[in-house]
């Protein structure tokens, strides 16, 4: 299933990029049209050969897939010797992954206690306030939040740096990613909070919670030991699903905060019609998505004994 | 606390004494008078059955007694004395000391009342750890013994199983084991068998009865099934529309029921010994709206024996011949007015069945 | 018990005849199967009420739905008025289905929550385009009246504005408008309070007379089934144990399982003697049903033959059939308990 | 533009003292430190033989590569890697003699072979070669005479040829590296030259790091390393610069320049002679093959508005490719603009005459509803690009129906090289010596792939250009280029807007940037076409 | 016993379910709807409103810079090109609302149809459609949107359709899940048993039930589409030649300097965008709780 899915995703992307763009022109530029000049013709031949452009589409796709599986994602469309796609992404992915992990970490660490507080005081003032807050966070588009946080914390207060610098020491770089992490994490935290809060409230109305109370279990213990775990299922699913959406969010964040990750690379590659890069990124994102969903299934089996069979 | 308790146990005082208990809920529709002035007492070691139609307030009553209702929209008044001590309105911090240890509860649906993600053993051990400060190993041993007590086969193995790995009947037994873990003096069982098959129901009811005798525990058995209370209780309280309308020792009640409601309920049950196609008696209409209850007797609008007085004046709880038997009716079964109406009904002067539209 | 066999099938004016019905469902992707119904046979004579009892999960509802071909059975034959349904094409089946209707346990979810109740009742007529508009309305009014629902109120309300009992009446009305021969009632009263339950049972009895219906009445409550049925079939784990005229079944249950069921019924009489329930055990799983007689693990009379051989339904007189290697001989007096 | 002025006399009246504050003579250079240099954009490749270097590319390129010649402080061209250059009698050939003993970072010798190789590669390169090929014969353009001597042969006589050796063509890459890069193009990003710094590491779009060349041939390099950071948001760039995140920056952003000029502690190397911004018209296709339409567009151009809104009054308006200080400046030439009323009759006349001809770029008739249909191409996504477009459009719309074509930078260049557009915004000109700008203007650079973007060919203009580069009479030269300015104006293929202003700015602790001299002791100009050099730069502490 | 007997003892109590009908959508909901109506109004009548020309450059010669803060003449101030931010915000609502509406209408129609068919027929239809949804969901939506806009063109309709395609999978999944939830209900079995054809069952029995959660999703989905359009515009990839909120925000935040010195350029459109998205979310959420639909996630 997962494999079929990846095939479908890659075939679609591959098809779209090949049918809707002229790869040869993307690679060579005007030289591709300069067929009268023997020098250009030589280059055209070479490019066709390098990128298998003279082969029919399915064959090219097959070659690309076999390359991808072996970790060779092709060469960027540029005569100026950009590094191979694999190399490029090797350098960029860790940044995006760090950013996403940071964002998710913030989201999860913020949302769980927040949801517990809200749910245990459902419909009281604190809860209403927090519901209003989540609504606002959810209604704020990522780029708007990025701008607001940048304006307040980087520009006005100057607590955070404006940009990311690849050569700074790791700790500094993590610090530089903190604000972008919040941009990614806060709206996600709001979504998680709402979900977890609803589920917690539902769980807290379950008979087994009443049962636990009637055993004389204290309120915090009920929240943590009895209510939290059974309420985590949609939370976990959504954390997984959101990871995909967050990659989308990271495009904006990476652009605003100048982080050379795969999000910003993707936008640039799409605009350049550099389809080896686009394909590779889309595939990696889709693969990550599929893997995360598999991982969620594993997590399910860990927290829910009922899935064992 | 224990000092106080031992002292009180010496006196011959009822375990539970409820006076004019009212539990109302504030809702968007208005105040729901789910329990509206209930008084009763329960002796040590006895089993009290509470019966009534759906929505009559049985569950709310039992939860009010235990103090387990959500606090946000609940208004309670009256008095609930447990072992002579007022427990109504105690903060849950203090109630927690009673829960599980002095009083515990078995719920209707064994499917939903056990934590699906906790092993059975842990769930039983939890109150043991909390209340009796037992060590892990002791708690586990005790849990195993408890499972054996409630007749779960292969008790040791079950400790490490999750609820979904048990059948419905076993789950309900496990729940009883949890409720019994700290040796409570009072057990509430709210429709403990409604979700189960008849054969399993019989087993569970029998089990509760045995445990009650073995532990000299009091039981409040809530059910809508007169058949269940008939066989397993010492005393029965009939609820209607949030009120207690009749209360008597089991045998007295079935022999001399006073409330036309109780009687109609009884008559509408199909009996095995009757030949098939025996016409069933019915109660027309439906239970009262607890936000706007009828002014007089709450059953009056559905009662074939009701008269003007019933509609305008609320009957008080009165004592019958038997000192332990009380009922709330102006014209109880056996009264001249009742008999007169009964005769009219049988002669066809008045339609017997008032079908609801 | 786990009985098979067709000895009990009758000749005559048979409305519904089910033979060797088998229904299996796959369990997820495990390759295992739920043996929901494993070869049962029964028939219903015109004007008769057949009761179907058994514990939860024994396949009662599955049998009921199989008669409607929802879904189509794994194997077996189902004949409605002599017409074989299992091999009918979709279009023919569609019209055949109108002759039998079903009433379900959950009165609320039987009605479309978003539709005006009256429209739900008129729906069958619209589907088949029966009569003129005015005729349809008149018929709907009449049927609603006969189940005790005010047509006026039905014209303006949705299901949630009615009580459970009323919804059940509306479902019955909807089943009646097409003037079916057979109505299959799947636990129509289990979700109702006793007082309402009595109302619905009485109503069904009245309508049966009024409309000349044949009923199949599914329930798990023996007392209810006995009250309404002419003939009762007892099922256990997808098999038929015993089938008999209803009074006879209670007078002399021949199958140990029937006996257990009867003994377990709580009787509203404090003086009744309670049978010991500790030995009854719990129902098995339809995924891995026991060999031989499916009841043998719970049966106090079981011996080796019960484990290996499946009993066949046999006549024990009076149209009373039982599928047991060791049927109970002694008639039980219910009073004696 | 002229080659002699580092200082624009801005309309803002900027102080001309900016460059002179650079060095406090007394200070002794300190070794060590890493200079962090902010750029407006990153570069694609740093191979002078294959990559078209942009302004940031030059800044980075000059750290690794030295050029054969350099511009001296007085504006004359002096040998740098070369020891001397000597013309032939007809000024068609020039002999370049190299300094002995210079080595590339990879140990290869700088010799005639290396020079010839670099030149021939560049001449043959598909795109970069476009700018070279029009001036040299196909074979034997560069010939090795001896180990340290190379002879360059041209098609036309040119007395001012050595200026060609001060930019990309003069940059000397290692022959070993060129071979390696031909096999593995990724090496184009890791340049090897003779320059003061050696490539160390690179994260595209974030940082490229060079380290000190310990055995630099022209004096000691003081800095340990230099790191180039592309920061496209000029405000962020400035902010980093002001808050100690950067030591130097290179920008053309008007607001930032204003700020930098007001900041007393900063050294600014300002230069607006290197490029002019203009709207460029492809004259090959209808309707712009008709001068009336081009003229109408010029009249309708809201130049003042652009200068106000986009230029913010910082950079100077341009009327031609020369700045007023330039000796070749023709004060009679004024750019037509801001007179939309004059556009209307021109367009009306055109449309009446040729309104149904097809504009091949749009594949539409040239006129609709009495207005000329045109395509305007600009690069995106870019905020400034969009703003500029909107403002131009607001002006042009009186007489033109505009179809926007927003494309990415790469497609933009490519489509224009192929002539697939009507009108677009561009920056160009301002070569060290004006003869070099003829590559954009000669008839011979019109082709399938064209460097003469307007694809406008005027033999009279060719004559002016070729004559001007082959005279040693300054007056004749001045006259020639003044005539050129008039010729360009009359052709209406360029609508000049302003002289692009660049700055290289250094924080106070950065010193010595303008101390570069040739081994002979000739002081060199410390900014060249908007870029700077770092071999003598050092930092306090 | 006869059922015809008229009775006087009819109990005058409302059925328990009546409580549900007493639920209200609340004042907040109506405020949100009010705001949305205002937005629709200004979007429709933008050209006739007494507001400045959104493209006119209000240059005042001799002033320090073209951009001015809010004033009586320019309520939201003017942007870097001296254009009226208020007027531009008003005009910006046109693209946002149009894209939001078309996108979700397309998503609803296609996703809803596919989802209902998948949920109703199950089997291979379900497998094919579900797989399609999964494929669509495997692309982060912004990634897919950017890819498609780069390959296609940037006309209003194209952008709307692209975002509509993005809505197909979430809508389809919801429709499928809701359909499945109802398809097994007894009332559907009943309809089938009385001879209703599939088409009739889908339209009469399922659609009304599926429509409710879908309507809540429509509001939320419109919010998502508007945000997505804003994101594209912010990256400079949305509808060309149009005033868009995302584009205005991009203009006001293209440099930290602008943000610092002329915050009004970015923050007014952010505010209006936020309020609109908030209103859609809030209203959608109210509809959802009102009809007691489970949490929907897009």
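Every chain is named by a letter (A, B, C, D and E) in the order it is written, and numbering of its residues begins at 1.
Criterion: a contact is a pair of C-beta atoms (placed from the backbone, for glycine too) under 8 Å apart; a residue touches a chain by one contact, two chains touch by 3 or more.
Keep in mind that this is a model prediction, so the values were computed, not measured.
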| item | value |
| --- | --- |
| Chain whose mean Cα position lies farthest from chain B | D |
| Chain whose mean Cα position lies farthest from chain C | D |
| Chain A-chain B separation of Cα centroids, rounded to whole Å | 55 |
| Mean-CA-position distance for chain E and chain D (Å) | 49 |
| Centroid spacing, where centroids are CA-atom means, of chain A and chain D in whole angstrom | 40 |
| Mean-CA-position distance for chain D and chain C (Å) | 92 |
| Contacts with two or more other chains, residues of chain D listed in rising order | 233, 236, 239, 381 |
| Residues of chain A whose C-beta touches two or more other chains | 162, 271, 273 |
| Touching two or more other chains - residues of chain C | 148, 163, 166, 202-203 |
| Interfacial residue positions of chain B with respect to chain A in the complex | 66, 68, 72, 92, 96-101, 104-105, 107-109, 112-118, 126-127, 130-131, 162, 164, 175, 178-179, 181 |
| Of chain A, residues touching chain D in the complex | 25, 28-31, 33-34, 36-37, 39-40, 43, 78-84, 87-88, 91, 161-167, 258, 260, 264-265, 268, 271-273 |
| Footprint of chain E on chain D - complex, ascending | 233-236, 238-239, 255-256, 305, 308-309, 312, 380-384, 386-387, 390-391, 394, 404, 406 |
| Of all residues in chain E, those that touch chain A in their complex | 131, 134-135, 137-143, 146-148, 150-152, 223, 227, 230-231, 234-235, 246, 249, 253, 256, 259-260, 263, 266, 270, 273-274, 277-278, 281-282, 285, 295, 297 |
| Interfacial residue positions of chain A with respect to chain E in the complex | 4-5, 8-9, 12-13, 16-17, 20-21, 135-136, 138-144, 147-148, 150-151, 154-156, 162, 191, 194-195, 198, 234, 238, 241, 244-249, 251-252, 255-256, 266-267, 270-271, 273, 278, 281-282, 285-286, 289-290 |
